[in-house]
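Multiple structures are listed underneath, in structure tokens.
Shared between the two complexes below is subunit A, which pairs with subunit B and subunit C, respectively.
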Partner chain A sequence: MKNQANPWLTSNLWVLGLGMLPAILLIGILLYFTAWAFAFSFTDLALVGRKSVEWSWVGLENFERLFTRRGFLESLWTTVIFVFFSAIVGQSVLGFLLAAALRGSRSMLRSVVEVCIMLGWLLPDIVAAFLWSATTAQTGLINQLIITPLGLPPVNFINDYALPVVTIANIWKGTAWSYLLFSAALDSVSREVVEAAKVDGATPLQRIWLVQLPIIRPHIATNMLFITIWTFTYFPLIFAMTGGGPGRQTETLAVFLYNQSFARGNLGFGSAISVAMLAIVGFLSLFYLRLLREPK
Partner chain B sequence: MESTQPSRLTAIALTFMAVIWVSPFSWLILNAFNPLSTGQLEIPSVVGLDNFGEAISGNAGRQFVNSMLIAAGTATLSVVVGISAAYPLSRLKIPGRNAFLWALVLLRMLPAAGVLVPLYFTAQRTGLLNQLGVIIALTILNLPFTLLLLKNFFDTVPIELEEAAYVEGASLFQIVTRIVLPMSRAGIAVVWFFSFTGAWNEFLLPLIFARVQDAFPMSVGLYAAFGQQGAINYGFLTAFSIIYAAPAVGVYFLLRRNMNTGFAGVGVKG
Partner chain C sequence: MLKKVLLGSVAALAMTSALSAPARAEVSFMYAEWIAALVEPGIEAFEAETGETVNAIKLPGQGYDQRIALDLSAGTAADVNLMDSFMVSELASAGYLHPLDELLAGWDQFQYYMPGLLEVASYQGQVYALPTDTDVRMLWYDLSNFEKAGIPTPWEPKTWDDVLDAAQKLKDAGVRYPFQLPAGTKQAEAATMQGVYMALLGADVPEGDRNRLLNRETGQWIGDSPALRRTFDLFHQVYVERELNTAELNYATDIGAAVRAALAADELGILASGSWEDACLWDCNNPPSREERDATVAWTPWPGSGVEGAKTTTNISGGWTIGINANAADKDMAFKLITSIFDEGNFKAWTLANHRMAVRTDISESPEYTADPFLAEATKLAADTTGRDTVPGYQTVSALIQQATADILDGVPPDEVVQEYHDALVDEFGEENVVTYE
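The block that comes next holds the complex of A and B.
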């Protein structure tokens, strides 16, 4: 607050402080609860039964179980596949291509495509799950429109290709975010720069790859950061569509965490899973933030 | 400028994609308007609004009101608390404020199930296992994002304008309400919209907080209706889904112009 000489601020510091108070209070509660969740991960607390009252400290036992018992590592792998294909490859590449293709056009087409993509994003998770279960069902749209006319027997997609189906459903649902962000980013690239590149003989592909992409690099990193983390902890869509099944094919970490904490009632072990997830998310974020900061 | 218009091939590809994107809705709409719906994908022999009538009466109507209360309450509370803290955060050079805000956002990435247990215990002890409790809990969970986004938007308001207003004799309150808020209207709309849809869609928290059926929001209601094994009333469920999806879609189109400008601020380095 030293190099500041804004009298309307400095003479009203107590008002500003008072304004911040509710937020400070609520953030304090959030921090307190998070600390509580951390503490749970060192206990054998359960949701019901004797251990919901007489729990005890068990040290690092929960964290050992992450690596010694089946479940966590398998879920981690499922999550990595899900995040890579649905968020990084699907949403962000598709979102960028759409933004680049629609850039600058004020036509009807842009509005129509935008509205279509937004519908997926705006749809509540549970409705989206309902919709995609119906679309991929044996009597659903894909079978009736593509598989049966080809003379093939109907496929029960949600059973036979569970992970691809939830991956596609998530691309369908989430692409709008990447599209909007890239669209805003491309709009901020000044027209002169692109025109200059064009005059110098750059092909459309070169204009995107060598001119626009480097300029919007911070936006790309921000987008990656957000969608990776969201997808990593995304729960309702997969849970409502498959519940993690069949078997454990679609049991991502978020579903694994729910099943352990609330279906089986192992709150202690569940907290250890969320702490591990936080560590992974934190590591990924640092990686992206580095990408964001480092100018090329 | 011919280069900014998409070529015919691109236009066809884009149209094709738009069609694929909306095609899953066909099933939803065909069933919702079919009073004799069986959950199959078929052209209805009778078209009627009976399903919608069912989906807004009785329990279902009550759930709509509950969802609306929770979503509007959460969004408004988040924005009010957020603004009054984000303006000082943006203007006062508090050391480490950016790192702190980012740390909070990362912390919030902790899967919600992690903080659910402490939230539940606390709400139980303070008698807040109701709508108000859900609103406060969701506001707490929203706040890191709200603060970061609002602060970024306030940062883009030039301080010179505020100086000029101060010289003209404006008070702090006038500066904030006449200059800062109008100029960051787009950003505030985005934040309000995010909080609204987030709370509207929220499923896990109300599921645990809502003890009686009267307090269910639509997400929990829809989930519960799924769970009733046996004869699933597809006509009712699809109509209910459409009504459930409508407000988020509607609010988006109301705020659409603000949204697109507001999004530019999200990408700006925090």
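The block that comes next holds the complex of A and C.
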């Protein structure tokens, strides 16, 4: 079976192999890191010391420890709460509401709001972390502007409500993406369809719920897919703000993975955590990809 | 024909890339920001003398330990590196550091280093790094807050109960952080050394290493002991039961800066820390005047728990070191940089200005050093000190200890925390290397 379009290419295996090289390299590199993590999740590889050079296979021990030792399940739960409230509820819903509210308006207001949303997104994570810690500390802006003038004792938000504070910080940081995506998606809904619904007597809420939302459903799924994946593995903002604390209150899986791999120095266990994270994110992605399919 | 052209161009590409590789790299050096006043004049002297340039990588102290371990194991570390002394044996055992004995033999100032301090930076009889300073640990306290709480100074607590009582009075007087006892994973080594180990050493009798993390005779880690339980209970009392401190400072975005800000704002009561605070009160590279410091803070040795037979005061010493990466291109040049930093003039000036505890006899026996009132007192503490269990595995054990204190902050009962710690030790080192004391 010779390829009739390119007889010369298929006649020479060497040339064919050379042509495939870039693709093989790319796929190889992509697989290499995953395979590395997967392989080392069955070992006791350490970051430093003898076990960093003389590691041995330990079978499923690391995976057993995910469930028998304190840490993984707690972190998984923290991560689920963080992803659900900051990404799915916070960024998505807020992004959609802003996009829907500002749609069609060409006023200054829209530009101002857009710039403000974008600023959060553009600011480096570490700078944002310092800003949020300073704002929510006992002597911070919120206490100075709101709590103390009301005659209430100052509240140390970042210590007493650590998880809600990092959740809100992440909503602030990440809403721009959802807003931009939903803005573009809503622009693609043709005006005629919406106006036809209007003529048929649909209320504004019905127009959104029954007309626009079904049309942009694939965009919603795409957005969910993206923000779930990267919020699930998100590290810098939380780590800089709280380091996973107080105690383990904001120790998401990414922070837990870091602590086990680089503080405790157990790369084997760290790899097992990352494989577990990969499996969970993979499962979620499949769920969203099903959503992406058009209903038959 | 095409094949030839392709092969030819691949070969040509390979050759140009080989040719364009730099002939020899400059000397690179990674260090933490707080030690700039020692190393930066050394770098300048080195550059002036050799004409080489030093690629200086200055980093914040937060997360420095993780960074150096990761860089060395990944093969991306600088030629010369500052590192905490506890890491030296572990890094050397993995072959990441270059043994210095041969290089040291040709350096006339090496004879002054104190042998006990070189031991911490050695592995299997070879020296792998040179110490910058050593330290002792104590309880610092804020004089104005003690006055406010009605606690007479100089404060001389005899047992843990005295410390807790003072903290209670400070709390009742409205001091925001009555007893800042380092705890949690973000504090890293500080939680182990300034917090757990200082308490642990006074928590039980020293016989059989019952007051340590490691039985040094058998090489077994201690997974459960009365001393560990008492120590974790102390943390539990401070952070949970009596709420003598909040977890806040232990998880600040920049812990060092937050502690210093709290000190400056008179919000701290007692601070479990070390001799470096004498210089680092506001900023390590700009020590305050003696008068300013003495008007603000004072210190007292850590008392023992009060348990019969336990030590009445405790102390443990650490310190930092500078060593050479095993992959450094030019080891002689790297060593030359180290000797420029540790050259007597520079090293002595820094040690004295920062009231650091000297690691060399030519400095410690100098009249300026012996005349320093703080160093004279601190050296008395050093008469009864000990070191960390700097055998391979310590870093992991230390991380597990930090995790244990984090769990206590979360309100996990000390009994469960000990169990969890014991099981994690068994996971890491095997049943035969973990021992339990009744």
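Quick note on the criterion: the second predicted complex is superposed on the first by the 268 of 296 C-alpha atoms of A that agree within 3 Å, B and C clash if a C-alpha of one lies under 4 Å from a C-alpha of the other, contacts with A are read in each partner's own complex, and residues count from 1 in each chain.
Please note the rule applied: a contact is a pair of C-beta atoms (placed from the backbone, for glycine too) under 8 Å apart; a residue touches a chain by one contact, two chains touch by 3 or more.
Note that the coordinates shown come from a computational prediction; the quantities given were computed from them, not determined experimentally.
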item: Subunit B versus subunit C as contact partner of A:F72, first or second or both or neither; value: neither
item: Which superposed partner A:R264 touches (first subunit B, second subunit C, both, neither); value: second
item: First, second, both or neither for A:N223, with subunit B first and subunit C second; value: first
item: Touched partner set for A:Y288, first subunit B, second subunit C, both or neither; value: neither
item: Subunit A: partner with more touched residues, subunit B or subunit C; value: B
item: Partner chain in contact with A:G49 - subunit B first, subunit C second, else both or neither; value: second
item: Partner chain(s) touched by A:Q249 [first = subunit B, second = subunit C, both, neither]; value: second
item: Contacts of A:V15 with subunit B and subunit C, given as first, second, both or neither; value: both
item: Subunit B versus subunit C as contact partner of A:F130, first or second or both or neither; value: both
item: Subunit B versus subunit C as contact partner of A:A240, first or second or both or neither; value: both
item: Contact residues common to both interfaces of subunit A (with subunit B and with subunit C); value: 15, 130, 240, 262
item: Of all residues in subunit A, those that touch subunit B in their complex; value: 1-4, 6-9, 12, 15-17, 19-20, 22-24, 26-27, 29-34, 36-37, 40, 98, 101-105, 107, 109, 112-113, 116-120, 122-127, 130-132, 134-135, 139-141, 144, 172, 180-181, 183-185, 187-188, 198, 204, 216, 218-219, 222-223, 229, 232-233, 235-236, 240, 253-254, 257-258, 261-262, 267, 270-271, 274-275, 277-278, 281-282, 285, 289, 292
item: Subunit C residues touching subunit A - in the complex, by the definition given at the top; value: 2-3, 6, 66, 69-70, 72-73, 87, 90-91, 93-96, 176, 184-186, 188, 246-248, 250-254, 392-393, 395-396, 399-400, 402-403, 406-412, 420, 423-424, 427-428
item: Subunit B residues within the subunit A interface of the complex; value: 1, 3-6, 10-11, 13-15, 17-18, 21-28, 39-41, 81-82, 84-85, 87-89, 91-94, 102, 104, 106-115, 117-119, 122, 136, 139-141, 143-144, 147, 159, 162-163, 166, 170-172, 175, 197, 200-201, 203-204, 218-219, 222-223, 226, 237, 241, 244-245, 248-249, 252, 259-260, 263-264, 266-269
item: Subunit C contact footprint on subunit A (complex, rising order); value: 14-15, 18, 46-50, 52-53, 61, 65, 69-70, 129-130, 133, 138, 156, 158-159, 162, 240-249, 259, 262-266
